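These are the structures, in structure tokens.
Here come two complexes built around chain A, the first alongside chain B, the second alongside chain C.
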Partner chain A sequence: MSWDWDYALSALPILLQGLQLTVIATIGGYVLAIVLGLVVALVRRLAPRWAGTGVYWVMEFIRSTPLLVQLFVLYFGLPVFGIVLPPMVVGIIGLGLHYAAYTAEVYRSGIEAVPRGQWEAATALNLPTRRVWTGVVLPQAIPKVIPALGNYLISMFKDTPLLLAIGVVELLNSAYRHSARTFEDPFELMTMVGLLFLAVSIPSAIFIRHLERRYAAV
Partner chain B sequence: MLNSLPLYLNGVWVTVQITVAGAALALALSFAAGLLGSARRRWIRAIGRVYTEFFRGVAALVLMYWLFYALPYVGFRLDPMFAAILALGLNVGAYGGEVVRGAVNAVPRAQIEATTALNMGYVQRMRLVVIPQAWAAMLPPMGNLLIELMKGSAVVGLITVSDLTFVVRQQWSSGGDTLVVWGLALLFYFLIAQALLLGVRYLERRANARLGRGPAFRAAPEPAAASAGGSGR
Partner chain C sequence: MQQSDPHDQPAAEPADGSDDAYIRFEQVVKRYGDNVVLDHLDFRVAEGERVTLIGPSGSGKTTILRLLMTLEKANGGVIWVNGDSLSHMRRGGKLVPADEKHLRSVRSSIGMVFQQFNLFPNMTVRRNITEAPVHVLGVSQDEADQRAGELLELVGLAEKIDAHPTQLSGGQQQRVAIARALAMRPKVLLLDEVTSALDPELVAGVLDVLRNIATTTDITMLCVTHEMSFARDVSHRVLMFDQGRIVEEGPPAQIFSEPREERTRSFLQAVLED
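Right, the complex of A and B next:
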């Protein structure tokens, strides 16, 4: 067979619609991950030791089990407790929770990289805990971890196809369903999906590398 | 519950097989890409770069779908298990290539100069000096990638391979209790991950002991025994 440009281009609007959902899921999941990750990192520093250890093991558990299974657990498990959410919302929560376990580690390394002298100075100035974190530690820790956080944005983007397993019609699923509906063979569509992924992730990777040069990475 | 345990263990076995085979492929590709990427000539480095950028840029599941659903239309029908291993290996290998490149480039310059002074060739230099040092440095990130690969293998059910997730899903749809069945899935994956990490830590200790760093690798407690048997290395 040969590559059929007309067919590939005629399906492009449908793929772009899928890409739109992919991007929404990525952004939603990412916002959740960077907020939740920071909360986790702070809890591990500030909460009593037993709570910190508990949170550590929960995060370790999340990090060493597959995102796909976690999505299934949320999607099929939440209704058991009477919580029924649309697949897209479950997908965003799943992505956010999973990646929070990674971003928490990133924040931790950033916080640990803040020089000891800064902490001592904050103590010497008798700053309240809240000011120490918001005024001294985090403003120094966060810029350093921006490139590492950016890498997880790209990783998350590439994990969004998993949402097809719980019925979200993201990019890959839109191609799959379109070819099933039209009875056309999926070669062009699947290839287009691959190319669209590259079209987003390679420029983003280059951008992240630019960020890495700009902010000295941890 | 108990009489379906063999089914779960079967799924675990398939997951382990895919993980091990995928890791072997990924390791080979990592070394190929990493050594090309740390070469002196620019065009050789470019080959490594292209492989890395391409396979890091595409999601493993997209690659798997392409290999399994699209490729048959141009005449290549792959066994689902093979497609799964190939997709995971190619994907993780691209990440591993960067790890190898970084570790090789991090070997101190003086070590390389010393090999030149000793008139070693490329193969000797790599085999005897660079790789043993780089190996110790690359093991921790490689361990993370191994876990990523193992987790990534959960998607192979979507291209009809009956791995752990696939088995669990079947058990669930044939009436298993939702929380128990999916809880078991998480537990099994967690245990597999911990077992893999244990293996990687063992390799790390061994690699460091070989370089004379860290706590000694206790294989032979008494030095007197060393001359008799040989340590097997």
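Right, the complex of A and C next:
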């Protein structure tokens, strides 16, 4: 078996299309994960105990089951309730929900790392609860957790091939389908897929290291 | 002021109508687990009075300030601030447990300066000082800025208005914290070992600011400190604490020159030798 450059390069436009969907799914899922994770962290701090406990167990459940299973449950379960969504949207919801369970923990640790004296000063100044959070606690908690949140971006990016299972033609799926269509050995294409993942992951990782340094001092 | 107390607290009425105490502790108990920090403490502070609390660490002095600031709850007894209880409020002629709104109203007359400054590191000096006036008192940003400028002038840091707390020395941070507390125009200022975390050469600057405030305003001050000469200069009354009780109290001249109690003498000796 030899490496076929022509074949590999001829597939590149198709793979780049797949990469585009991978990036869209990652960005969509990530935005959902960082917003929902913050909401979950705040509900657990501020809502009545029963609500906080309920949310805790839902998140625990999500963390304890595989993403692939969750994607199937969403993909086949939502239509049962009359909700029929394109695979890409289901994929984004699945990634977002799954990772929200992790980002919520990251936010929680950031909030807990805000020194007690900050809360006490806010109390002594009689700041309204809303202002304590938006003016004092979150502006200190979030910069501290930006590197940890960034690492989940890369993890999520590497989890997107699972969307193949629900029919999203992301990078891996595009390679897989192309090789099936052409009856060629998938070796070149899978290698290209790996290289394309690397091409995005490595700059992202460097960027996150940069964020870590930038926010380390806060 | 007859009150029936349904919540297993001691009867909570002043001894008589002529009471002019702004702050009153009645049989206040505070425990952390088995450790009794305040043991049925009674004491009063009149409006405009400057009281210094001295005593060995762990004697309950800081706890008194924290209870007043509602950072802690007492396990028993009643604390009154200007006629309002910190644990209860009146609703329909009955005493009910205090809610957050009641606590906010009581807190609005009290300011506190902490040992560790506790400035908000994510805000400039200006915003540290204007944050509460704008968001609590509803003062306009312009007015709050102007007042921040005046207060920084008072504490000698006018040029630092746009600095961040991390760019300031400990002494400067503490002076900003004093300005921040004063910006809320409190009737009572609680000073919790405000120079204990400072390098020795920075202590004098902070104490000068406080001396100035003490002599130019009629603000009520409760001060926990180990700076005995400061206590002697500014306070009307000194309370010596040990094991959650007041061992001795009197004007500073008497406490520092002719302490009656052996415990006070040994404490002062130990502090002054330090």
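Some notes on this structure:
To be clear about the criterion, the second predicted complex is superposed on the first by the 216 of 218 C-alpha atoms of A that agree within 3 Å, B and C clash if a C-alpha of one lies under 4 Å from a C-alpha of the other, contacts with A are read in each partner's own complex, and residues count from 1 in each chain.
One rule holds in what follows: contacts are C-beta pairs under 8 Å (C-beta built on N, C-alpha and C of every residue); 3 or more make two chains touch, one makes a residue touch a chain.
Note that the structure is a prediction, hence the values are computed from the model and not measured.
Superposition note: with chain A as the common reference, chain B and chain C can be accommodated side by side. Once the two complexes are laid over each other on the shared chain, residue contacts for A:Q140 go to chain C alone; chain B is not touched. Within the superposed three-chain model, A:G167 lies out of touch with both chain B and chain C [touch as defined at top]. Touch criterion not met for A:P86: it reaches neither chain B nor chain C. Taking chain B and chain C in turn and counting the residues of chain A each one touches, the greater count comes from B. By the touch criterion stated above, A:E120 is placed in contact with chain C alone, chain B being left untouched. When the two complexes are overlaid on their common chain A, residue A:L68 makes contact with chain B while staying clear of chain C. When the shared chain is aligned, chain B comes close enough to touch A:F187, but chain C does not. With both structures placed on the common chain, the touch criterion links A:A205 to chain B but leaves chain C unconnected. Of the two partner chains placed around the shared chain by superposition, chain C is the only one that A:R131 touches, whereas chain B remains out of contact. With the two structures overlaid on their shared chain A, chain B and chain C come no closer than 21 Å at the level of C-alpha atoms. On the side of chain C, the complex with chain A involves touching residues 69-71, 104, 107-108, 110-112, 114, 116, 118-123, 131-132, 135-136, 180-181, 184. Only residues 53-54, 56-63, 65-66, 69-71, 73-74, 147, 150-155, 158, 165, 168-169, 172, 178-179, 182-183, 185-186, 189-190, 193-194, 197 of chain B touch chain A when the two sit together in their complex. Taken together, the chain A residues at the contact with chain C in this complex read 115, 117-118, 120-121, 123-128, 131, 135-136, 139-140, 218. Here chain A touches chain B in the complex through residues 1, 61, 63-70, 72-73, 76-77, 80, 158-162, 164-165, 172, 176, 185-187, 189-191, 193-194, 197-198, 201-202, 205, going by the rule given at the top.
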